Each structure stands twice: as C-alpha cells, then as structure tokens.
C-alpha cells in the first residue's frame, strides 16, 4: 500500500448506483483515474455489494457471499487491489474482505457457497476506496500537477459523510488515510484543484443514509443542518465522495424548503467531477456535471468547456 | 561551648538594587559605629567569587567566626553563602527591602537599618549548633507484623545491611496472604491472576541471616527513642527486652465484621460468604457451595458490602473490586459454564488494573451497576439496577460473595483497650475513626472487653459520647506522655497527614506501612514497606549523628532545659507534637533528643522561658526586638512586628518582593521555625517596646492544617486567644495582636494583608506604652 | 536479588556509588533527597530550567486543596542543606551503557544562556522587548524573552528563550545584566557521568487532546485541558487566578469537566490514569469558590475515589451546584458564537443531551514521558504503555520512581520514589560490599 | 454446540446474551461494554430511538429478548458508524445493531417494519438481477404497502423521479443484470442453506 507504484493495475468496482443515480460519479472517476496515472480495469460481471440492508433482506452469509463472488472474479483478473468510489460498496466489500481474511471458517463457508458456481476466493486482495488510493498512492501534489484549469474563486464545502471514513479510514487495513471526525482529504482535493475549501464543521455529519430513502421524515433535519452549514460558510457547491450523500442532500432540497421554509439551492457534486473540470476535461462527457439536478449559475458555467 | 567567643563580621551587598534603594554608608555606620561590629565590609556583588572571597579570607584568618550577610533573603544564594564551620546569619535587604519598598525614602532606609540591627543581635546571641549523641545507638530495626508488608520491610532492610527483629503475634508468618489462592496481577500484561508468591517471600525472609523472627510474640511496652528504643516483648510466659533503633509498624488489616451485614444474608445461609472466606474455597476444580457441596454454577459478588456506608465503613477499601475480579476469573476459568455477576456501585480498577477489568469482561463475567437491597436466607437477591432504572431480583444464585472492606489494625483487637490519655484522643486519635470506637465497659473483668471488636462496640459520632476507647490495645504501648497509641487519623488508619510526605510521622523513628496506613493491595504494600524501611534506616543513622529528621533534616541544634527555674507546668511535655519530652520521677521535663524535631513548640510553650536552642531562643528573639528602633508617636511612624513562619509565610513575603509588590515600610519581620515556637514573652516585649501592632503569619490550622509540625499554628492561635485578656488588663486593644493564615502561594495577598493591618492599627492609634 | 548480589560481587570494574536520578519532579526530587539523606551521593537531572515538574504547575492538591509549592519549599530546603546532591537542569540522558555499579551515562544540556552569576534581579527581563509564549502557563500568556520560569523556581535563575539568540534583543538582554551572567555564546554540551545506579523519574505528559477529534480541543479556546485549568486557577497563572473564558475573558460559570479524555479508551490510553476524577472534583471546587452561582457538570464513567478520597467525593457531590453525570460524551459541537455544546447520553436517565458551556475541561490522561523522551536509552523493562516496570530478576541498578512506573497520585509517587531510593542504595551496596551504611 | 434461543427469560438469565454472542456479527464483543454511553450519545438520530445501542446491550445482558428484538433502535440506525469508531472498548456497535435487525426479521419480529419491507424489495432485486435497480426496488417497496399507498408514495416522490429521469440518472427499460444470474442465485441459495444449517439450534428453539 505504501509502495508508490503508480503503474499497479486496479480492478474497478463501480457498484449499482453507477448505473443509476450516481452515473456522474462513475463517469468522472473513469475520467480522472487515468489522469492521475493509475491503471484501472472494470470488474468482470460484478454484482451488488449488499448495500446497507442486504443483511436484513438476505441474511449475513448470503450478503458476504455477494462480496465473495465479486472478489473471486477480481482474483481471476490478476490484480492485487480492488478500487471503488462508492462508500457503501467500499464499506461492505472491504469489511467482508477483512472478515474473510481474518476468519478461515468464514472463508470456507463463502467458498462452499461459491463452489456451486465454480468460483473460489483465496483472500488475496486489498479492497480500497478511490479517495484512499488518491491520498496514499497519488498524493495531493500529483493532483496539483495535473490541474490545467484551476477552479479559481469556487467556494467548496467538503462534505465527506460517514462511510467513506468510518469505520475504516483510520485503521491499518483502511490505509490510515485520515481521521474519523475531522478528515482533511476532501478539502485538500478542492484546494489542489484551485478552489477554496470553506470552513465547514459538519463534514462528517450523517445525511440519514438509507433511512432518508425509507423514512425521510426522520432525517430531513439532518440534511437541513448540512445545507445550512454550507450556506452559512458561503459555499457555491457542496462536494462529496458518497453516492447516497450526493443524492440525499441534492434531492431533498425542495422538500426541506417546503418543510422548514428555507430556500436552499445548493448544487451537490462529486469531488471527482470537480477534479475532471480542473484537469481540463469535458464538463459533460467526463465530469457529468449536466447530471446534477440542483443547478446554479456557477455550476452551469462549470459545465461549459473553455 | 561556654568558652566560645562569637566574632561577628558584617558583609554588605550593594547589588540587586540594594545600593539604589538605601544608603549602604548608613548601614555601614550602624554596623561599625553604632553596634561596634569589629569587621564590616561591602561589595557590589557579594555573591560573586570576589565577594565570597572577602568573607572566606576573614573566616580563614579567624577574625570572624559568625558572618552576617546583609544581602538577599536567607532562601537565596544559599550555595554561595554556606561556609565550612560557620553558618551565616542573613539580613534580608533585597526581597524585603529593595524589592518591596520605594528607593531612597527615609522609611525604606529605616527598615533596612532595623533589618541589619536585628541580624547583628541575632548573630551575637547565636552559638554554633552541635549535637553530642551519647551512649549506645542500636542499628537494628523492629518490624511489627509479619504479613506481606512486614516480611517485605524486614527483607528490604536486611538487604540494605541492617539487622531486623521481626515480631509476629500469630504462631506463623505470612498473614492473610497465606490464604490467597492467587493474587492480583501487578506485572505486565496485568491480565491474569498471579501465582501467590508468599511462600517464596517467607522462605527468603527465613533464609536471611540478618533477620530474627519471633512468632507468637507481643510487644507490651516501648520506651526510648530512635537509636535507643527499648521494647518489651512477651513470648508466651517469657518476657524479654530488646534494644532497637527504629520501628516499622506493619500490622495490616482485618476484614470488616460481616456479622453486621445480616441484611445481605450473612449468617442466614452458609452460601453467603465473604471474599476472604471464598479464597479458601477456590481451588483448581469448579467451585462448590458450602451447604451441599453442589457446584456453584451461578455466583454473585456484592461489592462495597459495608463500604461507602456511613453506618459501617464510610471509605472505599480500594482493593475489593480487583479482588472480586480475580476471584470471578478463577471461578469462570475453573468452570467456563459458570455464570458470574459482579454488582458494583462504582467500579474501581485504577491505573493498569483497568486491563484486569477488561480481561474479566472478555471472560464473560457480567458487571451490573446496582446497589443490593437485600439477600434472603434462600439467596433471593434484590437490588436497584441503576442502568435499567428498576428494581431487579436475581432468583437464587448458588453462592453470594460479600466483598467486605478493610479495617486497619491500628489497634490490637486481641488485647484489652489501653488507657488512652484524653490528650491523645483529642490530638492524635481521630474520635470519628470508624474502627469503630467502643464505649468503655465499666467492669473491666467483664470478658466483653476482651471480645472481638464490633460486637460490644458501636460507632461514636464526634466522639461526643461518653468515654470512647479504641477497640483493642495499643500496638506498641508507647510510654509517651502523649499516650500509648501511634496516632490514628482519618478513617482509623495510621496514615500520614501530608500528601507530599507520606512517611511523615508524629512518633519519630516509628513508621507505619501497608494496609494499616491506607487500604492497599499486596504490590502497593510491598512498595510501601520498602519506603518505610528506608525511613527507619534514616532515623537510625540520624539519631546516631544527633541530627534531626524531617522537616529540619540534619539540624544539630536541640532544645535545652534550664531546670533551675522550671515550674513543672508540664506544658512542654504535653504540647510537644512528637512526644519528644518525658518527665523524670520529679516531674521535670527530660528531652528524648532523638525524638525531637527542633520545631521549638516547647520553647513557645514555656512560661518561664527556660527552654532554648543554641541558635534560637526566647532571649535571642527578645534581643532582636530590642534592637529595633521604635520612633515616638510624634514621628507618625507606627511599627508593626511580624513573626513569619519560615516554611510558608516567609517564602510568600520573599515572592511578593520578587514580584516587586510594594507594602508598608512600617513592618519588621522576624522569621520563626514555626508559630508554635513563639513565646508570649516576645509579644509583651514588643508591646512594652512600643510596637503598635503584632502579626503572626503562619500556616492554616484545624482539620486540614498545613503546619509542618502538626500543632504549631493551632497552638499559637490558642495561646493568642489568652493574650486578649492580658491586653485588656493593660488597657490595650485586642486587635493590636493578630494571627493571619498565610500560605506559600499568597505572595499576591501580602500587600493587602500587611497594609490592611497597618490601617487597622493606624485607626486604633499608637501604642500608649511608646516611649516608656 | 541474590542473583544480583552475585553479579555485584563478580563486578571487578571500578565501582561508583553515585546515584543518578533522571527527572526533577516530585518523584525525582524525593528519590534524590531520600537517598542523599541516607548518606549517598546523588546527581539529579532535570530537562527543564527549574525543578518541580508537573506538580510545580498545579494550583493545589486534592483532597486537602493545599499548595504543592508548600511541600516543594521543604524539599528545596532539603536540597539546599544537603551538599551530596548535585542538581543539573536543562539536561537529558543521551545514552547509557554498562551495568549496576558501573554505568556510563552521556548527558546533553541545552544552553540556558545565563550562568551561575545570575542573581535573579530581573534587569534582563526589563531590558528585553520581545515576548515569548510562556511555557509554565502552557502558552496561555507570554513572558519576556529573558524570564524566570516562575516565582517559586528553583534554582532561582533566569533563562533566555533560544528564539531571540542572534537578535538585537539578545544584545539588549546581555548588556542589561550588571553581573556578567548572560552568556549568548553558550551552546549545547555533552558530558559523561559514571554512576552506580539509576532512578528513572521521568514522569508523565498529558495525552495529546487533538487526537481525540470528537472533542474539538483545537477548534475552540474555551475547550481546555486539566493542566491548563490548573494554571487558570493559579494566583500566578495567566489570569492571576480568575477562572475566565479564554475566548472573551468573561467569568466561566457554566463549566463541564469531562473524565477519561483519552484514558480507559482502547483507541487512546487503555489504562485508567487514576488522578483525573479527583483532580476534576478539585477543579469544580476552584470554580465554586470563585462563583457562588456557578453550575458544574462532571461527566464520568466510574468515579475512582479510592480509600479516604471517597470522603472528598462525598463532600463535592453534596454540593447542589456540582452535578455528576454518568456519561462519556459523544462529541462537542460549537454554536455559531463558538460556545461549546457537549452531546451525549445520560446513562442513568437515558436523556440524550446537548448542553452549552462557558468552559469545557478535558481531563486528559497521563502518558509516560519515557515513551517519547529518551526512548533510545536503555531504561529497563517497559510495559505496553511505556511505563517502566522492572521484572523479577532484572538488573537491580535501575528503578522507576513515580509515574514513570505507572499512573499514581502525589502521595503514591512519593512512596514509590522512597522505595526506588532504597532499591538504588541496595544495588550499589552490592557492587562494593562493606560500603554499607550499616 | 450452539445456544438455543431462549423463549422467555428470567432477568439476567444469560441464555439470550449467549445466543447473541454466537449468532450476531460482533455479538461476541458485547461483554466488553462498560455502559459509558458514548455510542448512544454519538447517534445522529438517537432521539428517535426508544433505547439506543448502550441500553440495548444492557438489556441483552439482562436477557430481555422481546424488548430487544422489538426495539425501534434496530430500525433507526443510519449506519454512520460513529458509535463504532468512538467506542472506548472497540465494540462494533453498528454491526451488532444491524445483526439484531437481521435476526428480528428472520424471527418474524419485524414483518411490519418499513425497513424490513424495503430490505425484502431490495433483496428481491439482488436475487433476480444480481444488481440493485433503484427504480424497481423503490416501486416494489412502495407497493408493498398496497396499491393505493404505493401510488401515494410514488406520487410523493414524483418530482425527484422526474428529475433523475431528466438527468439520465434513473435507468429505464430492462434492469441491468449480471450475465450469470443463475450462478449467483445458486450461490445465494447455498449461502442461505449454510446459514440455516449453522443455526439449527436456533430453529429447534
């Protein structure tokens, strides 16, 4: 993990949301990763990671088996590292992988299940979050080097959310790349892109996660606090690494305005979208900035290509 | 000593602003012309090598044997102004003149003049202190009690080259620790119960040639002092006398009487046991209950059984949580199927013992924060679950273990209560000690008085109840005026009163250690034993040199008694905080030198001022007061005399100067060893001399006293209360004489304290005796 | 021990009976005087400019609420009166080799830029125009670049902050001294000592509060640590003893004291630091003494008031304005005006609270200094936390005094230091039998 | 030998605690809890919880099976993992809470709980396509409340849906699926079978 071998091949696990609500994360990641000098190859015939309710819907072992299948496939692609940009995919896949590595009995059960499809997982892989890889393997300076169109004057609130850093960011297996409560990498990304990271004290507050999808009435106030803090900090956009955070904080703005009498209109983008722009790539094709539903002047300018 | 001639020499420093603040010429005038000091020299930088050389030359030449250094505070530059064969008297012209008074003013000069005059007077009256230890000094330690603490103390002393007499009342050594199946871990990784190493400790002690072990032995009498204790020991019907140099008391503890805990089921079922009883039930195999030898599958530990309870023991016995965890781990390891619960109020595993707690949780022991209400005869256990917030009943566990607290053996429960001098009960035995105190049984033949404590005894609040006596006799039966007991303080333990000086003792040369001084575990007790052994060794060495123990360590001066005018008033013997003064058959005071701590409390107590040190005496201080020039009332210059405790108030005054805080120039400050050494003579002398006010500045007295000599500041307060009457009879206002508690951290308060008093005095007006 | 005796007797090398004490806090001072008063030569090393260590910076001790300087004064008198103790300040152990009776110790001293001629007159401080952060008050205020560590400093000698060396201010300072005590050329020096036994009294430092990210220590000036609270309440502290909000200088009346900030936490310090509960109760008393209308909350997991300290707990908890909350707070949020808000669950009432405070004090745990300092030096066996814990049968020449051997309060540290002195004496006796004091 | 799930239990009968220890992911850590409250105090919607994780652990020890498995705490976890990373005893609180939720479902304590409905819709998508089709999962979830309620909920979020469709962030047409759905289904069935096998003790009870 410490080896700065940028030519290492990463097997890329996009996750289900890449084909739906978070297409723009997928598009922008595929665009910037090679720019950062990393080689990436999509995981062959990947399946769902189990998301946050897999355990409940299907039970613990079947959920772990989902990861087993993905990783078994990845092993056949002769890679050492699996990379994903989705917080939930990372949480489930990294977590299951570490449990399998630590628990032979579990590994056997998983392999017993995989056997019915002639698969088996040798527990040889590292599962890593794209942000961790960018911090540990690429480094902030490398990002700066790649920037051709600095995002001058853009005020960015770096909203990390939960699962990108918890519970793994500050652990050995998680690459110790930042703290649980006060991570800095997202602000560093924005600064590296020439933007201004505003002082944002709720960067790891919770957006309600899947509860916001199931029973938003319980969690809208959480999202409101996040929007409020960003607005108070004078942010032009909120930047996040997490698909669910992006959707929740973006989608519910109308409902929040209705419920709390506010008038939020804050674009919520992925850090990777900003990076793609800063690297001088195409605002739509590469950055996917046309896919964000909450629009603002600044954002529309951003979509344009110079 | 009588043919000793004091040859004084004054050395004036002009540095650190002294030269700017006052006229050093004038000071030189006072020394050589006014007071005819044969040698007077000055230097711009007296603490420099050149300055120091000035003094050395005169000392070597023999022209001077008593240098007077008029420069900085006696607390400053001590390394520079220490001389072989001569101790300098210091006149404080820096901190208490140049740094706290405006430069070049008349009053500042007068203050400096008087400080010099006092120093010269002091020097003239000072003889070099010298001790003359006489006779045989024993280098043997007596260690009382041969449990873990006593065995360790004996071994440590022997390994440091000292002979040890180890006295144990039981017929075997080892104490409670013999019973322990295993012990709490004190070595990394602090996780598992440790093998009990008491057998090795015993073997090592028995193998040590320097240690003599007496079992079945009882100390019946202790006389003498450090280096010269004479101890009477009874062995069965034989009685022998031993000479020892110092004593380590390691009599340990006993479990609180579970008989008083019937509400917790004790006595109602044989399956309700104390932690101590459980130790003997713990073996390799699964735990069996006493009633029917069936395996104890469910065991409940009740913490604080009788502890943290005003009706029983108000304090925390510290070790119970760790002990129960140890026992619980042993039970669950012997039988992994066992259900073990620990009901606690506050779980106390300080320091690395937290590891032990985690280990117990890992092992599946269930910790419940709850206070037990009752345990029934069929072991039905009801408690308030503080976290569930409800009353819970645990149906009939197989065994209930009561973690009872430690009661200190600061008395010997196996012998009759000794006659405890009322004086001692007031001063050195805390009447609130929950030992508990007993009510003296009128009929002494009544065997009740011999029975175990707790049965015929009850707690006495505030000692107000009639004739309280301690449960059991005095450990050493000290033949001291202050009574037979070693002091028994908070919660009945014989601990030190001081946080910084845990080995400070009120009975010089006698040191307590282990659970008799504070609830502690075996590892802590062993550590404590080593410390006590070292202190005992120091007492032996100090006594042989005639040198004082803490806090005036190494002081060779000691009080001398002029018996020719002694009125046998007994104040010195009774008021000595350390019981250093005995009475001969004619009731004359005799000093047991090696017990003396040189505080001067006796000197302050003596109504006929016949007690004095060679370098500190009623006469000397009177002369210092006399040396001060008191202007008449027309000068508008009042004079205030301040006696300042040299340990706390005087440093605070110095620090006020260091901070350049200014205060009235009308004060004249005399450092004293302790407020307890202030003889009322000085106050009358000062008033006759025309001083307008007198302030005693010293340490806090009362329960949380700060006096380094225990009673000094308290006695001063008491004595002062009587002065009021005298003042009235002289038609003087009581306010003229006051006592102010000043701590060493009060430098900031000094100006308000002093100026405030000066204002009071100015308001009252001048002392009418001025000029008479 | 018997093994060590054998080793001792076999030792043919020129033996030294000098005892080296490393660390001049209460434990080191005690070990030094106790050994010296038993008749042995002692060298006492202290890394800072003055003795006293942690306790010198404490306002008061629990449970008596007396001033540490009181006991220190007596100990300084003991040192002054004892020619067999040599005190070396601003010194660290660089390396240590050899065995009992024959240790070669290499010591490095930092320059003080002030020599023994200093009279503490203070002219240099007046001359200096530069202010530097005041280490004694944990940087809560500043002092002149030429300063006396504090009013009770022993040795009573000034120091010059290295920052100003080479600046014109340094010249001013030098020229202001009438006694030639300022030596701007002074440099780091390394010298060797030969000693017979070593007592490690290296003490502790507070756990790094910034590592407890949920408690936002560095996000608000009104979130301070327990040592800063001592200075805030001390008469010679940054506020002259008034307990004021660092952010706006207003009285701090609504105060929270959070226990186990670092301690009893496998993410930080797995052990219990023993003193924090009682120290915090003492802090509550500080506040109550100053503000009759103060309201103090003490957040705790278990109150560890062992033996007679329980009485202090009872006394403090009887105060209706001091409230004990059995809860380890989750995190501290900041209101828009910067007011710290403590969020957590009261485990006895199940209330989920979010309470604002004027001042929050984190009761940081004790971390052994030996963990970070002189780590390369052989100090005898250390446990997983870095505490020095000699094992049975270990080299007898080395012992630990005070908190270097585990979390202890003041009395226990002094006991441990007295025991360490005895062990050192035993160790050197064994290297040259007959040199016994007996 | 696995501990059977005790039916109803005496206070502090450790049967339930043992069962959780053996059958809930992370459950083997709950004995380490010292009831400090850092977990409940860190929870973003702790105020919506009847008991919160700390008391839940207390009640597991106390053998309060039904109270625990019926607790809404299980369904209010947002998986923010604050409790987990802040626990001073390193207890994986989040996974214990979610593990209990899974058990509550499989033991029929939660048929009416919305999260459990959503989970079932989700798992339906996973087993059929190997991937989550957000549109279908949401729809199935909504209609699990019945036709009328389903339409109501659907319309409630119509704007959001339209936004997504407009921005090409909601997949229309045939769901994406893994090529080898058969193999995946077989794997999941096998895994479920193994899980059942391991928890025979539970079925017996």
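Labels A, B, C and D are assigned to the chains in the order they are written; within every chain, residues are numbered from 1.
The rule is short, and it goes like this: a residue touches a chain if its C-beta (ideal position, glycine included) is under 8 Å from a C-beta of that chain, and two chains touch if they have at least 3 such contacts.
Small disclaimer: the values here were computed from a predicted structure and weren't measured.
Colleague: Which chain has its C-alpha centre closest to the mean of all protein C-alpha atoms shown?
Modeller: C
Colleague: What is the chain whose Cα centre is as far as it gets from that of chain A?
Modeller: The chain lying farthest from chain A is B.
Colleague: Using the touch rule from the top, work out which pair, B-D or C-D, shares more C-beta pairs.
Modeller: Top pair by contacting C-beta pairs is C-D.
Colleague: How many angstrom between the C-alpha centroids of chain D and chain B?
Modeller: 64
Colleague: Between chain C and chain D, tell me the centre distance in angstrom, where each centre is the average of that chain's C-alpha atoms.
Modeller: Roughly 50 Å, centre to centre.
Colleague: What whole-Å value do you get for the distance between chain A and chain D if each is reduced to the mean of its CA atoms?
Modeller: Those two chain centres are 23 Å apart.
Colleague: What are the residue numbers in chain D that touch two or more other chains?
Modeller: Answer for chain D, listing residues that touch two or more other chains: 34-35, 55, 82, 85-86, 89.
Colleague: If a residue has to touch 2 or more other chains to count, which residues of chain A qualify?
Modeller: In chain A, residues 180 touch at least two other chains, as defined above.
Colleague: Can you list the chain C residues in contact with two or more other chains?
Modeller: 214, 264, 302, 331, 347, 350
Colleague: Can you identify all of the chain pairs that touch?
Modeller: Applying the touch criterion to every chain pair yields A-C, A-D, B-C, B-D, C-D.
Colleague: Touching chain A in the complex: which residues of chain C?
Modeller: 213-214, 219, 331, 333-334, 336
Colleague: Name, in rising order, each residue of chain D that touches chain C in their complex.
Modeller: Per the stated touch rule, the residues are 34-43, 46-47, 51-52, 54-55, 82, 85-86, 88-90.
Colleague: Report the residues of chain D in contact with chain A in the complex, numbered from low to high.
Modeller: 25, 44-45, 48, 76-82, 84-86, 92, 94, 98-99, 101-102, 105-106, 114-116, 118-123, 125-127, 130-135, 138, 141, 159-160, 163-164, 166-171, 176, 178-180, 183-184, 186-192, 194-195, 198
Colleague: For the complex, give me every residue of chain C touching chain D.
Modeller: 214, 260, 264-268, 301-302, 326-331, 343-347, 350, 352
Colleague: Touching chain D in the complex: which residues of chain B?
Modeller: My answer: residues 339, 341, 347, 357-358, 361-362, 364-369, 385, 387-388, 392-395.
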